[in-house]
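Consider the two complexes below, in which chain A is the common component and chain B and chain C are the respective partners.
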Partner chain A sequence: MKNSIVILLLILLSALLIFSFDFIPEQEIVVDSTAEHIITKGLQETGSLNLVTAILYDYRAFDSMGESTVIFATVSAIVLLLSFKTLPVSSQGLSFIVKNTFGFLAPFIFLFGLYVITHGHLSPGGGFQGGVILGTISIILSIVYGSAYDYRKYPPKTKTLLETGGALLFLFIGGLGLVLKGHFLANVNPLINEPGRLISAGVIPYINIGIGFKIGAGLAIIFYSMIQKTYVEEELKS
Partner chain B sequence: MLIREIISYLLMGAGGVFAIITVIGLIRFPDVYIRIHAAAVVLTISAVLVTFGVAVYVWELFLSTKIILIGLFFLISNPMATHSIARSSYQQKVALPRVRSVDEYADYLERGEK
Partner chain C sequence: MIYNLVFLLLFMLGFYTILVKKNLIKLVIGLNIMEAATFFWVMALNYREGVIPILKTGSKAAAVVNPLPQALILTGIVIGASTTAFLLTLIIEINKYANVIDLDILKGLRD
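And now, the complex of A and B:
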């Protein structure tokens, strides 16, 4: 009895969804002109030179928030499975030459990551890509200097703080759009609305920064949890 | 204008020749360590020459600076990587050299173990 009512309701709802397109007033916009609209008016509406970033963080920003939630869930699951407590102490690392060379190169890699993040609305790149570059630094540090060094310099608590901070920044900007302009993740308050400047395109650069730190810290946490597991297994073997 | 293009083509051509020499060395040399020698020395100089040639060809301040930075990165990172590969493959005894008359690194490792 109960099941049949639910099935009836579902059939009604799906019929409504199927025929809902018939009730839309006929316009030219409906059929396959979304791409054209974005290409011709994307720069005016969002102020972002990079149209891919405009789609990711303005037209479909809700999608990007879902993706970052997926990464958050992945990190949480991996940390839950491979717990924080069994920490490895490997302070040996690679040879003298590799340590010094990487110590020389690391700030430049950090700068490049920041460049890719902050210029996401001007040139190819953006939060996800720059975040991966930032995460690489922590990974190479724990390979080159030994994971104990990486643990001392960037403890997992800092990384967790960065990750949640990035996610919260994204949500805060979304809420700001809701308060100031009336819908979630609206492109509010462009300080300088002149396309091509570093500070332009409304809230897109700030979303980029949040996503970048979130992805970098998340990748570093995933890598760290995995190596501590393998390290313990190697210890047991020998 | 024309002289600049000729210089850039010469640099890029020299880089290409060095790259071909690298490939020949990688195929023809008998041992892991000698092959790494080819990859470290000749490939580095070929990459640096090609990037500098491109920088001369473009000849614009910011673009050329970026390309030269990429070349300097090759100059630092490629010897470091090959050094690390050779060292760890000797330490883990993945591939020991077939013929050796002088082997000071083995003495060093034995001293380190004592």
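And now, the complex of A and C:
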């Protein structure tokens, strides 16, 4: 009964939307001058081969800072809601084979995350994507080795330090642009600027590193809070 | 265009989930489906023939897809992940205090 009313309502809404699709202009008619400017001049203006990274960390870097602030606010809210509770260890870890295999693989996952972060201006990737890969290491650690191990190996203090450090690095680079070029988050070029090199594109790689560690640590903190990973005293001593 | 219809189908599926389902986690899933439908639609609307927007040094620039919506959707995905995480946290808290995540029972309509 109620289902049929809802479905009828949705069909009505769909019909209205289908009529409105006719008013969307065709791609050929729209002159997208912003995209044209970025495609033709983006490489010379920013030195970044990856145009998406050029938009995210140069043209719209201030917006990316707001985005990382959203992550920061989410992490703060989740920690505020879920912390201050002590529960026993939530998982004891998987079998011997899984533990050894992950111990072998973990450095490579870390290396891959670092590669994606630092090559954000040359190849697909960047701070957000690489940060998520770094965040997975902590998540897999607490699944495979049990929650107490991750607590001992990477305590929440380290993660908080990494997160705030990344945010502060971003702010510091923004201030650097303000001092050297006159406006916030300007793309200053302290070193050689030859497109295609690892050290190029001005401050974009450094912003990527800051964002990457911030996102990785933030995701690890979110997961840590969600599974209520607290420790039993005896286990911590052993 | 076919992508308009696909967007409509996905969006309405998510909307239906939000309107009908009573399980709080299913509501979050519905919200995520709507979100994904919107991202897909923005990307599909702005598509044009071309290679990925990563230029190569030396060679002449070929026709490149529009990088602007990709950057915008990247922002959207990050915000979507944040809101999902926060909603799931709220559900964890609700489950801890009421020991149930069904909307009807939470509102006292059903035992």
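In this text, the second predicted complex is superposed on the first by the 189 of 238 C-alpha atoms of A that agree within 3 Å, B and C clash if a C-alpha of one lies under 4 Å from a C-alpha of the other, contacts with A are read in each partner's own complex, and residues count from 1 in each chain.
The definition used in the following text is that a contact is a pair of C-beta atoms (placed from the backbone, for glycine too) under 8 Å apart; a residue touches a chain by one contact, two chains touch by 3 or more.
Quantities reported herein were computed from a predicted structural model and do not represent experimental measurements.
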Legend entry - chain B versus chain C as contact partner of A:Thr101, first or second or both or neither: first
Inset, instruction - Could you figure out whether chain B or chain C reaches more residues of chain A? - result: C
Inset, instruction - Could you say whether A:Ile139 touches chain B, chain C, both of them, or neither, answering first, second, both or neither? - result: neither
Inset, instruction - Considering only the touch criterion stated at the top, classify A:Leu51 as touching first (chain B), second (chain C), both, or neither. - result: second
Inset, instruction - Would you check which partner chain A:Ser123 touches, where first means chain B only, second means chain C only, and both and neither mean what they say? - result: second
Inset, instruction - Overlap the chain B and chain C contact sets on chain A and report the shared residues. - result: none
Legend entry - Residues of chain B defined as touching chain A within the complex: 73, 76-77, 80, 83-84, 87-88
Inset, instruction - Under the touch definition given earlier, write down the residues of chain C that touch chain A in their complex. - result: 1, 4, 8, 12, 15-16, 19-20, 45-48, 52-57, 61, 64, 66-68, 70-71, 74-75, 78-79, 82-83, 85-86, 88-90, 92-93
Inset, instruction - Enumerate the contact residues on chain A facing chain B in the complex. - result: 94-95, 97-98, 101-102, 104-105, 108
Inset, instruction - Could you pull out which chain A residues touch chain C in their complex? - result: 2-3, 6-7, 9-10, 13-14, 17-18, 21, 24, 27, 32, 34-35, 38-40, 42-43, 49-52, 54-56, 60, 63-64, 67, 70-71, 73-74, 77-78, 81-82, 122-124, 128, 195-196, 222, 225-226
